[in-house]
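By written order: A, B, C and D. Residues from 1 in each chain.
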């Protein structure tokens, strides 16, 4: 891939529209496929990924789910105790000594680590692979393309492009994003090539910065994320999952028709599985300590039929 | 372990009380430990588990979460769409082509695959390792012993004691349970010994039977589960996690003081992590096809601070 | 109104379609009206209603909301305590002595006393008064015709047609319904005429029967309700609200195109406010004790913008 | 009541403790009473209240429930559509033309108009009338003193002390509150005496100010409210309900032991029903326009067994 100055690589809106066609995976895995880029996983890939494990050390790439509202978490997760241990009084029986609780959440957004299923975004009334938007029923949920198609889990190779570290910054600024230049530099300096079936993780530092310095409203303050110029690379290399420590689209969007170009072209055309709001700071430390930027990774979405994604706790294994 | 007729092995209530002391792991991993038997995991164990993987094939041990009430699911999980794809009309812009949803659940019970954290049960006002029940606050949730102590994931060896298959029955009857005799037979016939750090899975067939024949109320119809006589073995062998395709206690309980002896002695005394309502029918097929009853297993609880457990989708890897 | 045998009065499907036009109130109160038959309330009517009050005795027409699932309550209401008084220990301060809770519900259905707002049903893509169905947004809720248009409360005359008592039965059978003959008999025997601005209550006995004998599934066992033959009378008399102790449509519906004819013609064409699942057994006793079947009634829907109705506790005043 | 300078009337903490005894209504209406000051309602009082109605005009004293988080609404109310009208397509049948929704809320707090039941606050492990705090079960809810004891509705006289208007201010400052001097002035100038069985409404202007100027965090910015010095008057006059357009306690509290003195003494000792966050600006206009500050008022709490209060839409009738 030739080194072009980043500033000239920003695709136009027309290019994005063209990519909707040229990067499309529609039909590639049959007319009824709902798995998209998860088809690029394979037992062989899993074996190669496990072959990378040398220590047996695990590192979580999930962020703690919080139950406190914040400016970037308007639809706050809920947690209700059904009973508590605090009610026990000496002499009471076992029925007073069990606790149960309820939690619920809107995982989409900017703070919960989650995967999107392929119905999260549509384009011109169609989902990935041509299925009608109407299958995402406002009463009964996702009657196609739900997250349960990933219910056998994702166990493959992960690679980390630590863009913030490579640039020597605490965080990539909101409005800026991970670019092809960052990817190229990581491949040059970090000892890996992005390959088919990979989970490609890219770190901006934004989520850690947010947790240290406080939340801002992404709808006004913007967001870092993967730049749309990466879309052809996602297709060419055949990544299975793309994830960052952001909501995965640079904001504000410079495009009129594309509010979330990476989601819209990635999910609808490529059938790309996207991991939003991954926690990559601990992984960054783990990789840097070893100067090794590839690892096995296990992502096990919950079995949630009709749901449009799942909160996850991705685990990297060194 | 001597072969005693199963009928004579049933511990008395006094024995269970004694086991509360003699099987205790309190203090074993320090006065502040909240991880209990997860301390028996180790990088070395993870490496040995991954060494078992020969094919790269994954098998889910999770059951689909359903949003339909049933007699054994009185607190039904909730799912609400926030918008739907069905509202799109030709010519509308991208803001009409994104869908978001909410789900919430009480995972404890008899139908959702989940792990219990070590606060789920208390005894005499104390949790595992002596912490006060009052730390499980009916307002603020589990201020100690929450599921987030498992947030680095569980990647270790799993073994399956397929008790229903060994007995040649479709399901072990409700009221009966997996016994020491089943374990001993599995170890004789299936080529493994239960070892430290294992995820010990035991299949009764009950959950599959329920899905084929319809739900019953476990509070009146009873339940299969692991028999309390297994508790010393759990301690001796040093398993990290115990799971079955049941709610993990034989019901009705023959004990006056113990409503859920396996949970009560297991969680409170041993600090044992328990996996309830695992889906083991697919795993059973996968093991039988290979005549191999050990495998790597990945269980990644969600990062849910203050919550008393987590729904999970455990993935076995062959 | 001529006395026709009930059996010949059942409108055909074509008649219902015709009534959609002939009974329509569209445009009657302006092109933007969302209040429908609540326009028939007036200060004068309120004054006349209050003039009926002789004793100052109140009688609730609401049924207790329950948090227990039942065959006719598949979407069970939720209630979670946020803290409890049971955790208090002597000497603790006031912050341990306050309790808060959460409740939530799907009030539509067959068990919660509630009013429907005029968006609850549409016909051919339009709501009452011609507004587009698309205003009921699956993401943002009812952007028109929500229950908040009733936020100044309903204080008017109520009359009770106690059809079960008049017929001398414990309950009108499911599949049967309150007929014109019942209305006519009530007007002959009970000392009132149904007039403009009334809350017309009709008692089948079904809800009390259900609470005494156990729930059944209305989708298979059917339901009593007001018969569609009443629709012209609702229009002619100008009632403001119609309510019964049922879900307000006889089931199963004998019509192919009309699943809920009373709701569909009543709400969409007349703009009729419907009170579902009112508790009328106490009111029946109160009326019978006085042999007086008219009273003042206060229905105060919650101020719920974008919501399609409201649970209520209607209070009759004698 | 002698006119004492307001500044000298502020009770000390010891006085509040004394009032817990001297203002107590415990035992007054029997050892099992859970209704407290609602016992001061009576058919005669209802008749007198209805006798005040001259026009038949209703005015809501409820605030719109919102589903948007705000700094003073951290536990935001929820609203989910179950389907929407926007999915209808020409030619589709009636099953696509019905909408249903879910709403849920924590009504306690500073923004939702609601009544507190008498279990909302305890003192030294006891509720009003001596019942044990343990009856408010963190699992099963309020097993006593729930809001359902008010299920026959409140139809009585209301009076408005429009303190902000009397003082000529837009809003009483946070930290200040409605005083005895305000009450005395209202009684002198507004043509009413507060009497037994009244709903005493007091307007600070705070809620309207909040809606015009934006929310603040009451835990840091404080709040207006009724001053604790009013408590003896509440008892002497025998009001049934006290309500303001605030959360009903001046904040910050100057007392060490009393976080919410009006709630704590009012609810626990007097058994006083408190109406929080009433919307009194429209009522203020209606009263001023007529120069009449008394009216009938209808408050119909929902029938919510085990719940600690209820959202309401109080309706004043002129």
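Rule of thumb we're sticking to: a residue touches a chain if its C-beta (ideal position, glycine included) is under 8 Å from a C-beta of that chain, and two chains touch if they have at least 3 such contacts.
Keep in mind the model is a prediction, meaning the values are calculated, not measured.
Peer 1: If you apply the touch rule, which chains end up adjacent to both chain A and chain C?
Peer 2: Per touch definition, common to chain A and chain C: B, D.
Peer 1: Do chain C and chain D, two copies of one chain sequence, contact each other through the same residue numbers, with over half in common, or through different ones?
Peer 2: same
Peer 1: Between chain B and chain C, what distance separates the C-alpha centroids? Give it in angstrom.
Peer 2: Centres of chain B and chain C (C-alpha means) sit 47 Å apart.
Peer 1: Taking each chain's centre as the mean position of its Cα atoms, how many Å separate chain A from chain B?
Peer 2: 28
Peer 1: Would you mind listing the residues of chain D that make contact with two or more other chains?
Peer 2: Residues 78, 81-84, 86-87, 100, 102, 134, 137-139.
Peer 1: By the document's touch definition, which label belongs to this structure's chain graph: line, ring, star, complete, or other?
Peer 2: Its topology is that of a complete graph.
Peer 1: Under the touch definition given earlier, write down the residues of chain B that touch chain D in their complex.
Peer 2: 80-84, 86-87, 102, 138
Peer 1: Going by the contact rule set out above, which residues of chain C touch chain B in the complex?
Peer 2: Residues 68-69, 74, 76, 78, 81-84, 86-87, 89, 100, 134, 137-139.
Peer 1: Contact residues on chain A for chain B in the complex?
Peer 2: 42-47, 50, 53, 55-60, 62-67, 75, 78-79, 81-90, 93-95, 97-106, 108-109, 113, 119-125, 127, 132-139, 141-142, 148, 151-153, 155, 257-260, 263-264, 298-308, 311-315, 317
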